[in-house]
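One structure coming up, written as C-alpha cells, with questions to follow.
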Amino acid sequence: MKFIIAIIQPHRLDAVREALLQQGIEGMTVSEVRGYGRQKGHKEIYRGAEYRISFVPKLKIEVAVAAERSEAVVNVIRDAARSGNIGDGKIFVFDLETATRIRTGETGVDAL
Amino acid sequence: MIDGADTAWLMISSVLVLMMTLPALGLFYAGLVQAKNVLSVLVQCLAIACVVSLAWFVVGYSEAFSGTGPVLGDLKALLLQNVGRNAVHPGARVPETVYIMFQMTFAIITPGLIVGAYVERIRFGAVILFSLLWLLIVYDPVAHWVWGGGWLAAYGVMDFAGGIVVHVTAGTSAVVIAAMIGSRDGFPREVRPPHAPWMVMIGGCFLWVGWFGFNAGSAIKSGADAGMTMLATHLAASAATLTWMAIERVKFGKPSVVGAVTGSVAGLATITPASGYVGPLGAVVLGFAASCLCFAAVAAVKRKFKIDDALDVLGVHGVGGAFGSIALPLAAGIGTGGAALSHATGQQLAVQLLGVVSVAIWSALATAAIVKFVALTAGLRVAREAETQGLDFTAHGEVGYHVAG
Amino acid sequence: MIDGADTAWLMISSVLVLMMTLPALGLFYAGLVQAKNVLSVLVQCLAIACVVSLAWFVVGYSEAFSGTGPVLGDLKALLLQNVGRNAVHPGARVPETVYIMFQMTFAIITPGLIVGAYVERIRFGAVILFSLLWLLIVYDPVAHWVWGGGWLAAYGVMDFAGGIVVHVTAGTSAVVIAAMIGSRDGFPREVRPPHAPWMVMIGGCFLWVGWFGFNAGSAIKSGADAGMTMLATHLAASAATLTWMAIERVKFGKPSVVGAVTGSVAGLATITPASGYVGPLGAVVLGFAASCLCFAAVAAVKRKFKIDDALDVLGVHGVGGAFGSIALPLAAGIGTGGAALSHATGQQLAVQLLGVVSVAIWSALATAAIVKFVALTAGLRVAREAETQGLDFTAHGEVGYHVAG
Amino acid sequence: MIDGADTAWLMISSVLVLMMTLPALGLFYAGLVQAKNVLSVLVQCLAIACVVSLAWFVVGYSEAFSGTGPVLGDLKALLLQNVGRNAVHPGARVPETVYIMFQMTFAIITPGLIVGAYVERIRFGAVILFSLLWLLIVYDPVAHWVWGGGWLAAYGVMDFAGGIVVHVTAGTSAVVIAAMIGSRDGFPREVRPPHAPWMVMIGGCFLWVGWFGFNAGSAIKSGADAGMTMLATHLAASAATLTWMAIERVKFGKPSVVGAVTGSVAGLATITPASGYVGPLGAVVLGFAASCLCFAAVAAVKRKFKIDDALDVLGVHGVGGAFGSIALPLAAGIGTGGAALSHATGQQLAVQLLGVVSVAIWSALATAAIVKFVALTAGLRVAREAETQGLDFTAHGEVGYHVAG
Amino acid sequence: MKFIIAIIQPHRLDAVREALLQQGIEGMTVSEVRGYGRQKGHKEIYRGAEYRISFVPKLKIEVAVAAERSEAVVNVIRDAARSGNIGDGKIFVFDLETATRIRTGETGVDAL
Amino acid sequence: MKFIIAIIQPHRLDAVREALLQQGIEGMTVSEVRGYGRQKGHKEIYRGAEYRISFVPKLKIEVAVAAERSEAVVNVIRDAARSGNIGDGKIFVFDLETATRIRTGETGVDAL
C-alpha cells in the first residue's frame, strides 16, 4: 500500500475530494497546515506598520491506497488541485507497511 | 437641590464610562495583541479599575475635587467621610456621590489607556504600582488644575471632557513608559499582527457608545448642552472613521477594520475637549483633521522615534487630545451651534496651548520618575522567556483559548 | 421648553439604538457568515454608520424631518446650520439636537439591516455607494411620508417605531439587491453554516436590549407610554423566541441557538410598529404569530424563490415588520392596555395596508434603480477568487482570527 | 403621579438588568464551560429569560406583587389584565408597567444564576420545566415575603436589591440541584478548564455595569439614594476583586483572570442586599470580607462536600448574598453615609438571620421536590455519550466554533 | 523503528493515552484533523436551510516505537480506540529510518 | 528523497526556519500539534480547582529533501530547535518515494 500526502490550496479541497470520489477513493483525512515556499506570504498593514505573514494557509490531505492505484491517485489529485499559480503545492508518496481498521480489526487493503 | 433628571443622566453616564474600561478598552486592546497575551491585557484593565477606585475613595477624590487651591485639593474628603448621603455637588443639581462616581470613571480609564504602551512585556505588579502612583501624582493634580478650580482653571483653560486631563496625560505618559520599558522582542520587524481584529471592533464600538457618557455626561446636566455635545461627538467620530479609511484606501489600497476603528477612536479623543463647545460643522471638521493628524503621528512614533508605544497611545490619544484642545477655540467658531469661549479666540488659543504644554511636561517628567521608582522596586519587565511564552500563562496561569478541549 | 427627564430618556435611547448597529447588528450578522468574512461584515456596518451620519448631517435630516410637504422635507436644515444650540423639537420637550441624533440612529440601522442580503460577495465600495443613495432615495422620503408629516401621515398611517419605515423598506430592498447581485458561490447546496453561533447570540442579545431604546424611545418622552411600550416589546420578543424554538423542536427535533435568536429578532421586528399601541396580551399574541409567519417566510425565500437573501432580511425583518404594521389595528384591541387608533379598526387596517404596500413598492423600484447604477459605476460584486478567499483578506487585508500566533 | 426622571431611571435600570442575563450571565457562564457546551449555556439563559417573562406576565407578577397577604399575592393581576396604561405603582412615582418590567428582570436572572450548577449535563427540557416551576414555587413567594409585603417584610427584614430574594434562593437551590443531578463525568479529576477566560471576563464586566441597574435601580427613584447605592456597589466590587487577586497571588503565586472576575461577582452579590444602606467605607469592608469568605466557600463545596456545583453558584452567590444580608446591620454603621435600619442593630441582625435561614430552607426543600418531579417527567440528565460529545451538538444541533470553514 | 499514525474518534483520546502509558509508551503527538469516509458527516439546520458538514472531526495520534513493539502497540491502540461504530478510524504503520532527540542529540530507539 | 518530520517547541520556529533558509531549504510545511512526553503538562488553577493539562503545544515541521542532504538538514534543525530543556522535541526521517509539484507536474527532487 502507499500513503499519499498532498499539500494543496485550501480552496481546491472540494475539487480534489470530488475527483477522488469519482476514482472510488472514499476515505481521506484532512488537516490545516501553514506552508512556506516559493509563494511568499503576504503583508498585513495595521496602523501604518507592516506585518509580514511568512506562512500561507494550506490544507494537507492524507490518503492511503493500494499500491497499484497510487500513480492514478497522484495524477487525479494533481489535476484537481492545480490552479496554475505558485503555491499550488506538492504531492508526496510513501510506502505504507500495514493498515488496520479499528472497528473491525481488518488489515491491509481491506482496511482502507 | 437634587434634580432627578440630571441625576439619572449622570448616573447612566457613569455606567457608560465605566463600560468604556470594563470591557470596551480591554477588548479594544486585547484584540490588538497576540493571542498569548489576550488575558493579561483584560486583567490589567480590570485591576487598574479596582486599584484606582479604591485610591479614589481613599484620597484621590480629595486631591482632585475637594477645595480649590491652585495646585492640589485639600484632602478633606479622605475616605469620603465628609460626604453625606444627601450632599449635593456644589454648582450642580446632582448628589455629591454621583459626581464622585462619574469622575471616578474618568480616573479609571485614563491610566487604563496607558496599558496600550506597555502590553506584552510588563510585570503585573508593575502595572498596579505604576497606575496607583500615576493616579496620585499625575492624574489627580492635573484634574484639579483644570477641573477642580486649580491654576489652569484660573487661566480659563477649556477642556470639556478631558482632552488635556485624560488624553494628553495618558498619551505623553504612554510614550515615556514605552521608551523606558523598551520595545517588545522583535520590534519592529517581527512583531505579530493583531490576533483578533473582530475583538478590536467590538471594543471600539463599545468605546464609541460609551463615549456619549464621557462627553455628554460632562455637561453634568440633562438638556440642550448635553444634546449638542452628543451630536458633535458622534459626527466627529463618523468623519474621522471615514477619513482614516480613505487614507488607508489611498495609501495601501485597502481600508482595514483595525484602521477604521482607530480612526473612530482618534476622532473621539480629538472631539473630547471641544465636544461641549462646537456645533455640528465644527465637529465634522475636527473629526476630519483628527484622522489626518493621528495617522501621521502613529507612523512617526514607530518609524522616526522607533518607540514601541505598542498600541499607539500617544499617536491616537495624545496627539488627538492635544490637537482637539488647541483647535477648540477655532472649531467653536465654525458654523452655527458653538458655545462661548472664556477669552477672545487668540487669547484662548494661547491659554489652551499653555494648558497642553504644561500638562504634557508634567506628565512626562512625573511618569519618568514613577517608572524609575517602579523599576527599582517592583521590577518593570518580565524575563525574555516569559515574554516569548506570553503573559497569560506566565503571569496569570491561564490560556485564553481552549477551543480544542 | 426642554424637559430634563424626556431629554435624558431620549439621549440614552439614542445610545441604545446606536449600540444596535455598533456592534450588535455587526455581531449578529458576522457570526452568521463564514470565518473568512467576519471582518468584512463588521466594517460594512461601521462604514454605513459613518456614511449615513454624515449624509444625515448634510441633507438627510432636512429631507426627512424639516417641513411637512407631502413628499419631501424642505431642505432648510442643510448641514444643520439652522439648528440652534437651544432649539426645542416642535411638539416635544427635548432639544432639536437630541431628536436629530435619535432619528439618525434609525437612519443608520436601516441600511445596516440590508447588509444581511449581500454579505460574502459584495464590493466594499458598492456597500458605501449603495447605502448612501438608498438613504437619500428610499429611507429619507419614506421617513418623511410616515413620520415627518408626509402623505402617509396625512392618511393616518400608524407606525410607532418603524415597522414600515425601517423593516419594510429594509426587507424589500434586501431581497431586490440579493436577487440582482446573485447568489453566493455554491448556494444553496454548498453554503457553509454560521461560523460562530455564539457571536450571533451576543449580537442578538444586544439587539434585544437596544431595541428598548428603539421602541420605548420612540415615545419621545419618559412616562407611561414608554413604559407600556417597553413591556410590550419584551413580551413579544419572549413569545416569539419560544415559538421559534418550539417550531424547530417539532420540525427538526432540536431547538437551535441561531433559531432561537432569529425568533427573538422576528418578534422584535414585528412588535416594532405596534409597540406603542398594544397592551401586554396583544404583544404576546403578536410575538407568537411573528415566529410562525417568519419561520415560513425564511424557508420560502430560500426554497421557492431561490434568492440568496443570505441572512434572511426579507424573511425576518420585512415580513415581520409588514405583518406587525398590518396587524396593529387588531392587536391594539386584544386585552387591556392598548392605545387608541387614528381611525376605526377596519379603516385603519386599510390605511396600514396602503402604507405597507406603497412603501414596499417604492423601496423595491428605487432599490432596483440604485443597484443598477452602482453596478455600472462602482461595480457590484467581487471576483470569484476573492469570494473564495474571503472578503476579510481581499477587501480589507486582514484576517479575523490569528489564534495560532 | 408619574415622575419622568424616576421613570427614565427605572426604565434604563430594567435595560441594564436584562443585559445582565442577555448576554452578560450567558457569556460569564459560557466561557467557564468546555467549548462543546458553549452554545447550550447561552441558549439556556435565553430560554429561561423567555419562559420566566411569559410566566411573569401570566401569573408571576400577581403572585409576588399584587396584594399584601403574608404568604402569596392575590392573583388579581393575571395576564396583567388589571394594569392600565397609565397606572402608577403605589408608593412610587413610576408607571406600574415599568415596575412590572423592572421586577421581571430580577425574576429572569435568578433562575438564570442556577444554570451554573447543572451546565454540561442537563437536558434542555429539564432546564425549561425546572425554571418555570422554580419561579412559581420558590422565587415568586420569596419575592412576595420580602418585597411584596409578605411575612418577612412584616418582620422588617431588609434586603435592598436581592441578597435574600435573588442570591440566597439561587445559591441554595443550585447546590441542591447539583447534588441531585450528579457530577459531570470525570469530576473532579478530569474536568476541563474554562474554555474561554476572555469570555468570562467580558461577561463579568457587563454583569458589573449592569449591576448598577440592579442595585441603584432598586431605589425606584433617581436621586441621592440611588447615587450612594451606585457608589457603594462599585467600591465593594473593586475591593472584592483586588482581595480575590491577592488571595490567589499568595496561595498560588499568580492572580488569574477567572479568579479576579469571580471576586468581582462575589463582591457584587455580597453588597446587593446592603447596597442601599451602607456608606462608602462600609461597602469597602463588605467587599473585602466577601472575597475572603467566598474564596473559602468555593473550595469547600468542591473539596469537602464533593458537590459539582459546576460554576460555583452556592460558593459565590449563595454565600455572598447570605453574608451580605446578615452583615448589613453592622456594615450600615461603618463610617458615614449609611441609612437607618428598621430595628436596633442587634434585633435587625436576628431578623436578617431569620430571613436568610427561612428562605434557604424553603428554597432547598422546594427545589428538591421540583427536581424530583422534573426527573420523573421531563428527565433530568442527558446520556453519557451526549455529555461526552457535548450539548451544543446533541441538544441543539450546532457547533460553537466553525473557524476552519 | 516504526512510526504509527492512528486516526481516532476524539473522545477516545484519553482511553488510548492510558492504554499506551500502560504499555510503557510515554511519548506521542496528537493533532486535530477532519476525516472523510464511510461515516458520513452530519447536517446542521439553520433557519430552515440544511448545511452538510462532510468532514467529521477526528484526532490523529503519532507514535514512534521500536520495530519489535510495533504490532503490540497497534493492537493496544485498536482495542482502546474501538467504540464499535463506523468512523472509529484507522491505524497506519510506516518504516522510520532515524529518530533524533533534539535536546541531547541521541538517535535511534534511545531518542524515543 | 527523504521526508523529515520535526516536533519542536513553538517558539523555536523562527530560528529553525532561518537556519533552513541558510541551508538553501526554501520549502516546508508547519502545523500545530499537541505533545505528550517526558515534559509533563501544566496545571491551571481556577477558583481553587486544579486542572491538569497533559498535552503541551508543539509545532510539527515537515520538509522533503534530497536524500544526500537529509543528514545535514537534521543537524541544522536539531541545533536551531534546541533550547536545552526537556520537551525540545524529536526529528524523524522517512524514506520518500516520489514527490510531485502540483503546478508543473515536475517530479522527484525537482519538485521540492
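Note that the chains take the letters A, B, C, D, E and F in the order they are written out, and that residue 1 is the start of every chain.
We take it that contacts are C-beta pairs under 8 Å (C-beta built on N, C-alpha and C of every residue); 3 or more make two chains touch, one makes a residue touch a chain.
What you see is a predicted model; the values in this text were computed from it and never measured.
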(request) Could you tell me which chains are in contact with subunit B and with subunit E alike? (result) A, C, D, F
(request) Give me the chains shared as neighbours by subunit A and subunit B. (result) C, F
(request) Compute the shortest path length in steps from subunit D to subunit E over the network of touching chains. (result) 1
(request) Look at the interfaces D-F and B-F and say which one is made up of more C-beta pairs in contact. (result) D-F
(message) Pick the pair from D-F, B-F or D-E whose contact list overlaps the A-B contact list by over half.
(response) D-F
(request) Could you give the separation in Å between the centres of subunit B and subunit D, each centre being the mean of its C-alpha atoms? (result) 33
(request) Find the geometric centre of each of subunit C and subunit E from their Cα atoms only, then give the gap between the two centres in Å, rounded to an integer. (result) 50
(request) Report, in whole Å, the distance between the mean C-alpha point of subunit A and the mean C-alpha point of subunit C. (result) 45
(request) Averaged over CA atoms, how far is the centre of subunit E from the centre of subunit F? Could you give it in whole Å? (result) 18
(request) Can you tell me which residues of subunit E touch two or more of the remaining chains? (result) 31-32, 34, 44-46, 94-95
(request) Scan subunit C for residues touching two or more other chains and write them down. (result) 3-5, 8, 12, 192-194, 252, 256, 258, 397-399, 401, 403-405
(request) Any two chains that touch count here, so list every such pair. (result) A-B, A-C, A-E, A-F, B-C, B-D, B-F, C-D, C-E, D-E, D-F, E-F
(message) Which stretch or stretches of subunit B touch subunit A in the complex?
(response) 32, 188-189, 191-194, 248, 252, 256, 258-259, 262, 295, 298-299, 302-303, 312, 315
(request) Can you check the complex and tell me which residues of subunit E touch subunit C? (result) 44-49, 51-53
(message) Could you list, by residue number, the parts of subunit C that touch subunit D in their complex?
(response) 3-6, 8-9, 12, 16, 34-36, 192-198, 201-202, 205-206, 208-209, 212-213, 216, 221-228, 230-231, 234-235, 237-239, 241-242, 245, 252-258, 260-261, 264, 279-281, 284, 335-339, 401, 403
(request) Would you tell me which residues of subunit E are touching subunit A in their complex? (result) 2, 6-8, 31-38, 54-55, 58, 60, 74, 77-78, 81-82, 84-95
(request) In the complex, go through subunit E and note every residue touching subunit F. (result) 3, 17, 26-31, 62, 64, 94-103, 105, 111-112
